[in-house]
Amino acid sequence: MSNPFFLNKGPISLIKVYEFLKITNQKKRDFNFYDIKDLYSADKKSITFFHSKKYKEVAKSTKALFCLTSELLKDFLPKTCEPIIVSNVLTAVASITEKFYPYSVEDKFDNKVLNIENRDYKGVIHGKNVLIGENVKIGTNCLIGHNTIIEKNVEIGDNCSIGSNTIIRNSIIKNNVIILDNCIIGKKGFGFFPNNKKNLRYPHIGIVIINEDCEIGCGATIDRGSMSNTEIGKNTFLDNQIHIAHNVKIGENTIIAGQVGIAGSSIIGNNVRIGGQAGISGHLKIGNNVDIAGGSGVIKDIPDNSRVMGYPAKNLRKFLRENK
Amino acid sequence: MSNPFFLNKGPISLIKVYEFLKITNQKKRDFNFYDIKDLYSADKKSITFFHSKKYKEVAKSTKALFCLTSELLKDFLPKTCEPIIVSNVLTAVASITEKFYPYSVEDKFDNKVLNIENRDYKGVIHGKNVLIGENVKIGTNCLIGHNTIIEKNVEIGDNCSIGSNTIIRNSIIKNNVIILDNCIIGKKGFGFFPNNKKNLRYPHIGIVIINEDCEIGCGATIDRGSMSNTEIGKNTFLDNQIHIAHNVKIGENTIIAGQVGIAGSSIIGNNVRIGGQAGISGHLKIGNNVDIAGGSGVIKDIPDNSRVMGYPAKNLRKFLRENK
Amino acid sequence: MSNPFFLNKGPISLIKVYEFLKITNQKKRDFNFYDIKDLYSADKKSITFFHSKKYKEVAKSTKALFCLTSELLKDFLPKTCEPIIVSNVLTAVASITEKFYPYSVEDKFDNKVLNIENRDYKGVIHGKNVLIGENVKIGTNCLIGHNTIIEKNVEIGDNCSIGSNTIIRNSIIKNNVIILDNCIIGKKGFGFFPNNKKNLRYPHIGIVIINEDCEIGCGATIDRGSMSNTEIGKNTFLDNQIHIAHNVKIGENTIIAGQVGIAGSSIIGNNVRIGGQAGISGHLKIGNNVDIAGGSGVIKDIPDNSRVMGYPAKNLRKFLRENK
C-alpha cells in the first residue's frame, strides 16, 4: 500500500514466497513481486490474496498474476492469475506482508525521540517535556502541549493545536486540526489471527489521516490501518473517549458524540451525526446525512438520509413507536 | 455568568453589538451591556437571548431590556424587552459571548505553567514533573501525583489527593476530594454550531465544581460548562472511564459505575445509582434516589425514587418482565 | 489473602477486635488472629465473616473459630464457630481488614519512585522520564515507554513491552506480555460502603496478575482485587479503552474488543470472544467458548459454547429473529 511511512522492503521473489510459506511442491520460477495489494488495487507487479467468497466478483477481474488463496476459491480466479494454494490465506498474507513491511507488525515505543528543544522546530509553541521522533514535519503556527510525544513518521500541517499527554505516530494531520489531551493516534489496530497458545500479529502498514479543520476530543484512540488507511474527513468533530478502529473512513462535516466506538473497516459518510455511546460494527457502510441516536448499536449498512435508533439500530420512528 | 475565572471584558455598547452582528438598519442609541445571560438570570444591565419556543414562558417575564431573537419568536417578549433580530440566534450568542469572554472559546494548552518547585506550594506533597499554572490555589495537606498538570484558574481545597497524569483547569475542587490518574477536568465542552466547511466554536465560560468528599475514577473527562457550571455534589463517587459533559449537575451521595456517559446539561439528583456503561441523554432531569441499571439508555426525565432499566430506560420490573 | 505485596500486620488479638468494633459486652479472652479470610478459605487462625444468606451452606462448614456476622445469620454457623455480632458486617470487615492491611485502602501516588536511571535495571530499554518505585522486579529483554510509572510492588517477566504514559502498581506481569499506552493497572477497585455524608473505603488487598502472551490495549483500566486477585489468562488480547473491575478473572485465549466493561468479581472462561462495547454485570460466570456480540449487556450466567447478543443478552439467533 502506498504511504510515505512504511518502507517497502521488496522486491521479493516467487521463490522466496514459496520458501516463506513452506510450499515445496512448486516449480521454481523467476518472478519478482514489488508489493502485496488487495484484489482491487493489485497490478502485475504485486502479489494479491483472495480469502473469502464475498470477493469472488473482484477476484474474477484482478490484474495480479499471482494470488494467495485456497483450494476452494482458486477456480474463481481468471486464467491470467496463478493461485498459490495455502491452508490459511490470512496467515499467509500476514507472513508475506511482514516480509515487505517488517516494521509494521508491532508497536514498540519509539526510543529515538528527542526533547523538542534538541530538534529544529523553532516555529512551534510547545509545552514542557515534548518528545519528537525521526521523520516528523510540523507546519507553521502550531501548538504542542506538555508531555506530548510525536513519534516517528508524522506530518502536521499549519495552525494545528495538539493537547497535552497525547501520543501520535504514523499519521498525517492536515491544517487547522485540533487534537485535545490524552489521545493515542496511529498505533496499530486490534488485528491478529487468533491462535491457541499464541495469537499471530497482523501487519499494519496503513496510517491515520486527519483532514483539515477537524477536532479530536480527549482520550481518543484512533488506530492506523492494516492494509488501507484510517481517515477522518474535513471539519469532522469528535467528542471525548471515542475509539476509531483500523481502516475506518469517516466523511466530512460529521459530528460524533462522546464514547462512540467504530469497529474496523467501516465507512461513515458526510454530514453524519452519531449520538453518545453509539457503536458501529465492522465492515459497514453508513451513508451521507445519517442520524444515529445515542446508544444505538448499528449492525448493518444504513442508506443516505436515514435516522436510526436502537440495538440493533432501525428506523427512528419505528423504534420509538415500538418502545413506548 | 459569575465565576472567578473568566474575566468579563464588558461593558459592550449596543452600537458595538449591532456592529459585531452586522445589523445596519437600527437607530444608534447609547446603551451599555455588562454581561450576557440567559432569560432566567438576565437583569437590566445584561443582554439576553431567546432561540426556542420551549422558553416562551420564561421569555415573557425576562427582566432584560434587550434580547437576541428571531422574527418568529419576538412577539413572546414583554414590551419592556426590545428584540434584536438576527438570522441565527445561537451564532449571534456565540459571537457576543466571545466579545465578553474572549478566552473561553478555545482550549489551548497553558504555556505559562511552571514546575511546582518554582512556585510557592510548600505544603503540597507532590510527584515528579508536576506543572502548575497561574492563579492556582492549593489547600493544606494535599497530594499531587507525577506528571500532573494543574493549568490556570484552579482552586483545590484541603486534604485532596490528585493522581498522576491528570490535567485540571478552570475548576474548583473542594476539601477531601480524591481524583485518580489520567483525568481531564475543566476543558471546554463539545459545544459548537455545526457549519459546513467550518464549525463555529461556542464559548465555555462555565467552570467545573467538585464538592467535598467526592472521588473521581481514572480516565474521567469532566468538561466545564458553557453558560453555566458543571457541578458534582458532595460525597459522590465516580468509577473509571466516565464522561461528564458540559453543564451537567450531579447531586450528593450519588454513585456512578464505570464507563457511564452523561450528556450536556442533564441534572442528576441525590442518592442516585447509575450502573456501568449507562448513558443519559442531554437536557434531562433525573430525580433523587433513582436507580439506573447498567447499560441503560435514558432518554427522558425520571421521577424521584424510580428504578429503571433498558434502552430506552423504563420501569425495571416492566423491562425484566418484557425481556425474559 | 496471600500475595507478595500487601504486608500482613497481624496477629491481632480478639480483645483488639472487640475494641476496634466497639463491642463492650464480651468476656475478654486471649486469642490471636493471623489473617482475615472468607468463609471458604478461613482456617482456625483467621477471623472470617458471613454477611448474606447466600453463603449459608459455606458458613455451615467453615473452619474458622470466630466469625463476624449478624443476629439474623448467626444460627447458620457451626457450633465450632463463635459469632461476633455486629450491626453492619461489611463495615466491620472493612475495619478489621484495614487493621491487617493498612496500606490497602487508599491509592495515594507513590512518592518513593525514582527515575529509572537511578535504579538498577540495566537490561531494560526505556524511554524518557520513566519512574520506578520500590520492590519492582523487571525481567530480561523488556521495553518501557516514555513517562511510564511503575509504582511499588510490581513484577514484570521477560520479553515484555510496556507502552508510554502507563501506570502499573501492585501487579504481576508474566513473560511476553504487551501493554500499550495510557493504561492504569493495579489501582484499587471501585469498592466501598455507601454512607451518607462520607462513604467508607473498602480495603483492596488483591493484586492484578496478567499471564503470559497477553496484550492489553491503550487506555485500559484494570483494577486490583479487594479480597481476591484480578487475573487475566494466557494469550488473552484486549483492545483499547477496556475496563476490568476488581476481582474479575478472565481465562486463556480470550479476545475482548474495544470499550468493553466487565464489572466486579465476574469470571470469564477460555476462548471467549466479546464484541465491542459489550458490558458484563458483576458476580457472573461466563463459560468457555462463549461468543458475546458487540453492544450486548450480559446480566446472567452464560453456559459453555453459547452465542449471545442483546440487552439483556440472550441466544443470538433468538435475538436476531426477534429484532428483524
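We just call them A, B and C in the order they show up, numbering each chain from 1.
What we mean here is this: a contact is a pair of C-beta atoms (placed from the backbone, for glycine too) under 8 Å apart; a residue touches a chain by one contact, two chains touch by 3 or more.
Everything numeric in this text was worked out from a predicted model, so none of it was measured.
Undergrad: How are the chains arranged in terms of who touches whom: line, ring, star, complete or other?
TA: If you draw each chain as a dot and join those that touch, every dot ends up joined to every other.
Undergrad: Nearest 5 degrees, what's the C-alpha rotation angle taking chain A to chain C?
TA: 120
Undergrad: Is the contact between copies chain A and chain B built from the same residues on both sides or from different ones, judged by whether over half of the numbers are shared?
TA: Here the answer is different, because the shared fraction of interface numbers falls below one half.
Undergrad: Between chain A and chain B, what distance separates the C-alpha centroids? Give it in angstrom.
TA: The answer is 34 Å.
Undergrad: Check each residue of chain A and list the ones that touch at least two other chains.
TA: In chain A, the residues touching two or more other chains are 129, 147, 165, 182, 219, 241, 259, 277, 311.
Undergrad: Chain A touches which residues of chain B in the complex?
TA: These residues of chain B touch chain A: 106-109, 111, 113, 115, 129, 131, 147, 149, 165, 167, 182, 184, 187, 190, 192, 194, 196-199, 219, 221, 223, 241, 243, 245, 259, 261, 263, 277, 279, 281, 297, 299, 311-312.
Undergrad: In the complex of these two chains, what residues of chain C are touching chain A?
TA: 125-129, 143-147, 161, 163-165, 178, 180-182, 213, 215, 217-219, 234-235, 237, 239-241, 253, 255, 257-259, 271, 275-277, 294-295, 310-311, 323
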